[in-house]
Amino acid sequence: MKNLHNQLDWDAVEEERQEVLTQWPTGSEVDYEEGARYIRSLPRSRNFALCLQDAKEKGITLTQPRAGVPVAVDHLDLLRFLQNEGEADLLPTTIDSYTRQNRYQEAEQGLEESRREGRALLNGFPAVNHGVDTNRRIIDGTKVPVQIRHGTPDARLLAEITLAAGFTAFEGGGISYNIPYAKQVPLEASIRHWQYIDRLAGRYQELGADINREPFGPLTGTLVPPCVSHSVAILEALLAAEQGVKHITLGYGQCGNLVQDTAAVQTLNRLAQEYLEQAGFPDVVLTTVFHQWMGGFPSDEARAFGVISVGAAAAALARATKVIVKTPHEALGIPSKEANAEGLRTTKQVLNMLKDQMFPETDALEQERMMISRETKALVDRALELGDGSTAAGAVRAFAAGVVDVPFAPSRMNAGKTMPARDNEGAVRFLSTGNLPFAKDILDFHRDCLARRGETEGRKPSFQMVVDDIYAIGKGMLVGRPR
Amino acid sequence: MKNLHNQLDWDAVEEERQEVLTQWPTGSEVDYEEGARYIRSLPRSRNFALCLQDAKEKGITLTQPRAGVPVAVDHLDLLRFLQNEGEADLLPTTIDSYTRQNRYQEAEQGLEESRREGRALLNGFPAVNHGVDTNRRIIDGTKVPVQIRHGTPDARLLAEITLAAGFTAFEGGGISYNIPYAKQVPLEASIRHWQYIDRLAGRYQELGADINREPFGPLTGTLVPPCVSHSVAILEALLAAEQGVKHITLGYGQCGNLVQDTAAVQTLNRLAQEYLEQAGFPDVVLTTVFHQWMGGFPSDEARAFGVISVGAAAAALARATKVIVKTPHEALGIPSKEANAEGLRTTKQVLNMLKDQMFPETDALEQERMMISRETKALVDRALELGDGSTAAGAVRAFAAGVVDVPFAPSRMNAGKTMPARDNEGAVRFLSTGNLPFAKDILDFHRDCLARRGETEGRKPSFQMVVDDIYAIGKGMLVGRPR
Amino acid sequence: MAEYTLILGVIGSDVHAVGNKVLEVALEEAGFHVVNLGVLVSQQEFIEAAIETDADAILVTSLYGHGEIDCRGLKDALIEAGLDDVLLYIGGYLVIGSQRWEDVEDKFRAMGFDRVYPPGTMVEDFLPQLRADLARQRGESH
Amino acid sequence: MAEYTLILGVIGSDVHAVGNKVLEVALEEAGFHVVNLGVLVSQQEFIEAAIETDADAILVTSLYGHGEIDCRGLKDALIEAGLDDVLLYIGGYLVIGSQRWEDVEDKFRAMGFDRVYPPGTMVEDFLPQLRADLARQRGESH
């Protein structure tokens, strides 16, 4: 039975749209039916949703960079460069941080200054300020599909403009673009805004325009245990499916232990499929995205290539549908286009060399999958229970109660009582489990993992271990051992 | 019972030495007893043999580059750079190709021209021409151990000079430095010359100066199936042990399939240990060296970093004692010192991130180990049988009969009847087994592996597959699929 | 040792929270009284907190690249609020992309920052300087 | 089409055998009569083989970096042997390290090579050129 009662009524949305489209002058350019017609007219090879579906069937892993600069011609040049020189299979359009906070006035100022000074003063592409036509030029100018990537609690206007322009994929979600990206925004509000976006994407889908939606998997990017990001991913998949979305890509940020990373990608797919089927959405096309290490990087480019490659290897061996690629400039600042293309090519080489190989099936892998599954189910089931039929309410209450709790998140909606640390093999475990509703044996498991590491290092598990782990990869290690 | 009857008589060697030391004027500088005293005086951290032994005990993987330029001060600068900026755990001194062919006159000319023109005209360091004192300055000027790396069928004078100078490790062997490096040199001759060298190293060992010897594992570097390189490694280990060598490092060149690469490193150690014990040398300290992909590289540096990283990952997961590192310039020419240091740092990052992880133990891995072991034993046992008590004679006869047969080898002493190709997962198998004395089920196994690949690719296994595989990694693939 | 009060915060629309958390814990351990405003902090919030807590120093973080825009006028506002003697530090990825560090440092010094720290600065890297500056400042102003 | 005879070989102390083998097979498949001298080939051997087989072209390979020294005087020796009309090609890593390709090409052209090919040259990259040169040369000399 579909959770249809959670779907927003399109007429109500239409009313809300009239308000949203006036938030910035460019809103008036939006004509979603024309947008849907345009998207339907795109060849399969330029539709994000369909390319991912095809990759899943072929069992291959596609590459996608992050990239966005303020001025439109420069942005198109950048994307073409990444497509041609980086051989990117999929392209992004990364939005600047003012737009993400709906500060279009500051974005306008940054855009103007960037134009005037001939250098970027914004850290991304202010798509709202550019408006529908300019955005359409990005789609027209590229040969592979392009996705909007950002971090916006209220992205309604951004979605309106970019979908109408012909973008076929839109990253984000009411939880994953709030908890790591905001401080004060109530979850009710961001989830409601993202229900609007999902309903809009669903509307395009109804009109035959396939749109891919992707919750932001890595969250804070720093030592997030798989069950935490899986829970958020599954809740957002349900929220999106309820609004009529048919193409969903779920994400996971590399932790660094190959067994854990493989288990994480595999369970993400299986668990989400289960929950979607249970909720009455067996027809959603589910794919996965693996993010190369999202925490602090080494500043040395040669070392950064090593981190990138380990991530590419894990993505290939775990058979993620796509991999989001870091660059050798990660710890230096926003990358040059050359560095970005380098990260892509390094990744592609590793993917190609490993695409005919699989991470070996072992008891340890099965054990890790079981652990992640049990943990994730504990969180998601409790959240759904709290929601009592409303996924949205469940999510809000789960965060309020610390049932789902993201480490290092800036948001006050997040309990902030959990603390992760690596075990002796580098898998990310919990040092503190806060209020996570785990069974006793799971709690014991995490305690034991960290106790064993403590023994190896001759120290008690503590926050110092966490700090050491935060720095570790940047300093050329995985586990932050004391010196 | 030790194969003592195969050990050269020191008095006879002494006589031979008098002749060898007159091959080039610098020979007169050699005083091996002073050399042994000097080596004994080195701290443990600067003795190659002991550093490897310690790494083996700790279960870690050390890094070592390849590097050598003609002029001594430049060479020392280069080594120091790799030590400081590349964080190399072990250093090399790669010898130029004229010296390798005993063409000291041409080496002298190249050295002089290099000095005069201020650019390298030799592809390595002409250690014989430099003489003992200059070589000693290399050892005195570095903080980590240094090895001589070359490719010389008759390296007697080179060994005399560099060991006397204080080098604590000497690569090569009578087979591995003949078959891939010469065309006309009889195996009898090169093996006899290397028995001299091993006897000399054994003499240092008797005097308490630990010397590491390392047969050249990768041979032609191009699609060499593990059993072929293992056979050569084991025969040379036996030859070295017979002459009194106590520290042996056996090598393997990455093939590219992680299961095969892991199985290869593991079996190399175990099999060699078995044969050495059988032959009465249980006290030899055995370590392993993994060579990052030795065949053609991609010319794009970003892609090269990917190849380097996959090799580093395999070395770490298989727990090789050291890894020989390639550079992003591999397909461009002899690398700049910066590129060399980059390859080292990329490698170190990957090693560090994976050092607490192991390649998972599975049936497939056990199966691969069993296969490599059975194949290797078939070759080595037959060779020893042919030798009838003389390892040297066995090796010579085995090559003459094609019992051991190295693909793509230039030497006329090599039958050249085998041809390798990758299977569907990228493991290197035999397309033609020539005269290899394999049991029927092994022959079937290889045929089936390639038949399956042929099916996938819709073509018959043929030399075109081999050519495609030779180019594959350079073109960004592992398996050379038809386009 | 007299206790010093430090204000921490990530300025503008920047949400990078990890370094901010690490700084808080490390500076508390080093014996400071730390008032951490977290992420998404406006110029006004920095100033109010400094007045309320009689702070000795403000440590601004900016990682996301808009630091240049976000920090314009901060020093003037501090002076206007009578906080000219409060030490003003900044650290992080202060501009977009990687520019020559000397130029970045000059730019932010000219904007009134007493010290400007590059990406990857560890606590032990700036702690001695901070202690010295604080001691000198207290010596001067008391 | 008349059959052309090509001499292949890796010059000097160079033992890189793989590309040489691939070239042999590919050029035979392309319809040439190939005389492959293998690795470690001296100038004298090239010349003798060219005389013996009445070769149309000599394709020298040098990968290991000593090509510059190894090829000195080769063209003069060919002329002296009356082989001035034999096409002389070279390919591989002709110098030590990576130098500007234009300079390398000029250097080897000046040494008398008709065509000079950079590392990574595939057979299909030079085959059309080789065929054209051979046709032109036969046209001229007959």
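Letters A, B, C and D mark the chains as written, and numbering starts fresh at 1 in each.
One rule holds in what follows: a contact is a pair of C-beta atoms (placed from the backbone, for glycine too) under 8 Å apart; a residue touches a chain by one contact, two chains touch by 3 or more.
Just so it is clear, the structure is predicted and the values come from calculations on it, not from any experiment.
A.B. asks: Need the CA-centroid distance for the pair chain B / chain C, whole Å please.
C.D. replies: It comes to 55 Å between the two C-alpha centres.
A.B. asks: Return the distance between the CA-based centres of chain B and chain D, expressed in whole Å.
C.D. replies: 31
A.B. asks: Averaging only over C-alpha atoms, locate the centres of chain C and chain D and give their separation in whole Å.
C.D. replies: Computed value for the inter-centroid distance: 67 Å.
A.B. asks: Touch graph of the chains shown: is it line, ring, star, complete or other?
C.D. replies: line
A.B. asks: Dump the list of chain pairs that touch, please.
C.D. replies: A-B, A-C, B-D
A.B. asks: Over in the complex, which chain A residues touch chain C? Could you list them?
C.D. replies: Interface residues on the chain A side: 97-98, 100-101, 103, 106, 109-110, 113, 119-123, 151, 180-184, 220, 222, 295-296, 299, 329, 331-336, 408-410, 463, 467, 470-471, 474.
A.B. asks: Any idea which chain C residues touch chain A in the complex?
C.D. replies: Going through chain C, the ones touching chain A are 12-15, 17-18, 21-22, 25-26, 38-40, 64-66, 68-69, 93, 95-99, 119-120, 122.
A.B. asks: Given the complex with chain A, which residues does chain B contribute to the contact?
C.D. replies: 256-259, 298, 300-310, 312-313, 341-350, 352-357, 359-362, 364-365, 424-426, 473, 476-479
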